[in-house]
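Both complexes below contain subunit A, partnered by subunit B and then by subunit C.
Let's turn to the complex of A and B:
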């Protein structure tokens, strides 16, 4: 009897085991490899076994490396600004285009086009558009009699931010639109009867109900923005100076140009930790909010 | 002048017309009840008045003003939705006070109002729950409460009590009846429940297939239904219908059908003079048949008892009269046996006559 019940309890795990093992190998092996590598001085020509163990040296060196710090700061600036702007524009557009007018579906399809273009191509297109003399922007400015702007020189970071916004706003747009269209119609109707204006509907009904989707969207975009590489590589190669050298670019250069695989691995780990930190922070924030609401409910009900 | 006036209101979804010209006048502070079978267009009518559906043709007047192009909030009305339509992210209190908060009423006033209404709908203990944490009936009461906190000039109710248990429903019905005397507002109320319709309504509007079949006071509709549909729809158990024809024998005229020959009096003949032919449809309510073993043959129906449904003081007898099913109401203590043939007398005044071609009432 007892053996059969304990067997029964184990059954689900037995069935889960193959999937878990494959996941563990596929997910954890590369991660473990990177961890291991980050504690070694390791040249790409060496096998991992031939490299020497250096402890935390790579991490400490990086911590004190002003270039790495600069690069981290650039990454943070880049990620935070693109995600903020993209969220505003994406959600705003979704709120505006959530109507059943004719031609709306065509418009929506047009809006998602940028997302479908390969990042390298996006980089090339924008590099050309930013070209000091041939680019559309400066020709346009000249056309209306304004000074031309040194886009990829003086305003390199701003320029890559604009390009990224152009490419990734559609992502937020479609997710926000999907969230909007799955909102309970009847609650919106009720709010119209209750006298809510369009704005009040957005603020009191639509946005709060979309929030769970928006949080996940924001998180996904944030994680992605921290790892962006191709567009910037093509547009500025990190320059001028270090002004657009985001972490992913620095990692790739450390590995290929400087041939320091260990340092690159340590840098990746820093990035990973940063992302984990952000994710956990958001989860905790969510939890706290839920918890607080539940607690308030309990307290009030007990008082009754 | 009527407070709300629907003028030849039509609604089409694509090429399908679901409302075919609704004409309706509602006096100030009148309680109008829309009844009809599922899918007849009650909710659609209500939603058009509310401004949630566009008007395909015709016009809605509130206070003599055409409103069909106005936004819902400009029509000054509150509504209880058939599917509740609560705000899922707000607790009961927030749900009920949403409109008041939008109007920026003083906090104290809002709180007082919400508590007052919560008391009425019996939700005082649930003010801090979210809709997802409530039962269906409780949600329905929140929807009701949300409308009652408003002091709009018109209230629209779409089956607001359909999900409550019998006791709560009776209680809420009484609350509504009382509220209606206290606050003189226009109320339009959709229901399937005949008792609700009969007890609450100043005016009942019976709808079927996108048409208004008849409107009037509950009594008018019950006593003088305009057609077979209304006659069969109002009243439980429903009216019995039997084909009959006028047979002359000497000076006497008989209404005869399978299993009965009723001798007509002058008054009845007068009523029947409007019939287009000798063939008519005869309607008699189950409550108008009287168990009288010694009644005369030419003033009674003979019914074979097939089944008796006990429902308390009264039983509903399902019987067979000349091969047709017929329902009769009977005191439960009447000693009867299944298969027995019983005689029920009818008063000719209680009979309803319909034209078999178009189902319209005669006389």
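Let's turn to the complex of A and C:
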């Protein structure tokens, strides 16, 4: 009896152990290793022990490096514009398509296809479509007798942004639709009885009630926008110049081409700090909005 | 509601059709082009007027086809091998993640320590870390630290059997890539499975225990069959990441363990892109996720919305 109870007491740890060990070994330890390495001058051929400690040198070099600043700026431009446009289109489509339609599930299935296929393949498809002579855009322009556009040259950042919007707007659409369909019907009914028009319903009831979900959605999308790498790598390889070289791409180039692991680690740390800052900010904002939404909800219920 | 359904404006349906074309059109275009010869792609016969051929697929998979190809005198693209590598890595890491994640989720729910908040906080934290951030430490660790000394008995055993110089390291092996994928996906899988395990009635487990089943039997015979939908959602998400990932795989693989995304990127950076062949390989890479999407879109949407809407 005593052996079986001690076994029972140990069971949770036995169940949990593999997950904890793997995450500690392959996630936490590498992150710590990266922080440690960011203070060192470190070559890919060296083991960490052979590298020399240089203090904050890597961080200071990066801070003063105009190329790094340019990359950061490109990353921010990309992430902010992509998320803004996707939020507007995605939420707009959800509001428009929130009806009892026969083919709705088929529509959702087709919409999630772009985000399920590999980013590498998305990059490949769009690189073909933007091709100066073969691509569908320039062929279309030529067909109507317009000048062809140098998509991946002069307008590289815009082209990359459009590709990302194609791939990820459905994500926001689906989350927004789920949020819409879980709204309390009573509030909507009540407002309709009070004679609110469709637009008034959207602005005063649907959007405020959806807000907490929309903020989490926006946060998830923003975090993912900082991770985009393969699509851009395949489409432009960061070029021309530095015009599409986002931070993730610059980290990988610093590590593999310039062979400066210490600098790349410091850059990773900057990126991580930026993401942490955004996450914390949005979580705080979400708390506040949730409070307000709860209050608004209560007011609606009291009013009726 | 039924009345409302009939009264949809025809323009509304036009918009719907346009949206579908926009979402699926590019993928369909890749599908069609993968059956065209480069001559047809370049000549610009945009329509459907061409002789479909599987030659591009044959060129891509030339290293595993059992027969000789007439149009090819040298097999340069070794996509077949990469395809097998991708399959091994994606399947094994999905399976491992599910088993380990399931057990951890069960422990967190049933034995009540820490619980949902810990898992959801970890999930968000891990989701925040871009793969590019893991690139440097993983490259360093897998090449220099996670090694077995060649002088030790296990190291020399592996060395003697598989050849090579230096210490036996994780980098360049399938296991090395699988390890990082499992670690990356675990938090999400644990978190999603928790929400399904919570719904399993406790009485069922207690009844099984009364009949003399041990904790492992209860878990495998009672709990697991009941959370199949959750397992499906978790499996698809893990498989998708392991199957599609490029950056970490490219840092960790060597000549023999390259996955399909790596080969596609390598071939795209060449000056003269062979569009037909590259689209055929892209299609091969896209087919498994497309099949999953068509057959299990409900599970995928559950997995996607669980994060934001309920979380």
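Everything that follows uses one rule, which is that the second predicted complex is superposed on the first by the 257 of 304 C-alpha atoms of A that agree within 3 Å, B and C clash if a C-alpha of one lies under 4 Å from a C-alpha of the other, contacts with A are read in each partner's own complex, and residues count from 1 in each chain.
The working rule: a contact is a pair of C-beta atoms (placed from the backbone, for glycine too) under 8 Å apart; a residue touches a chain by one contact, two chains touch by 3 or more.
All values reported here derive from a predicted model rather than from experimental measurement.
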Does the superposition put A:116 against subunit B (first), subunit C (second), both, or neither?
second
Partner chain in contact with A:204 - subunit B first, subunit C second, else both or neither:
first
Looking at the overlay, what does A:56 touch: subunit B (first), subunit C (second), both, or neither?
neither
I'd like to know which partner A:191 touches here: subunit B for first, subunit C for second, both or neither.
first
Looking at subunit A, does subunit C or subunit B touch more of its residues?
C
Taking the superposition as given, does A:247 touch the first partner, subunit B, the second, subunit C, both, or neither?
second
Shared subunit A footprint, subunit B vs subunit C, residue numbers none
In the complex, go through subunit A and note every residue touching subunit C.
7-8, 11-13, 15-16, 18-20, 22-23, 25-27, 29-31, 33-34, 37, 42, 44, 47-48, 93, 96-97, 99-103, 105, 107-114, 116-121, 123-129, 134, 136, 139, 166, 170-171, 174-175, 178-179, 182, 213, 216-217, 220, 223, 226-227, 229-230, 233-234, 237, 247-249, 251-252, 255-256, 261, 264-265, 268, 271-272, 275-276, 279
Interface residues, subunit A side, partner subunit B - complex:
184, 186-187, 189-197, 200, 204-205, 208-209, 296-297, 300-301, 304
With touch defined as at the start, can you tell me which subunit C residues reach subunit A in the complex?
1, 4-5, 8, 15-16, 19-20, 22-24, 26-27, 29-30, 33, 41-42, 44, 46, 100-101, 103-104, 106-108, 110-111, 113, 124, 126-141, 143-145, 179-180, 182-184, 186-187, 190, 215, 219, 240, 243-244, 246-247, 251, 261, 264-265, 268-269, 275, 278-279, 282, 285-286, 289-290, 292-294, 297-298, 300-301, 304-305, 307-309, 311
Using the touch definition up top, name the residues of subunit B that touch subunit A in the complex.
50-52, 71-73, 77-79, 81, 83-89, 91, 98-99, 102-103, 124-125, 127-129, 146, 150
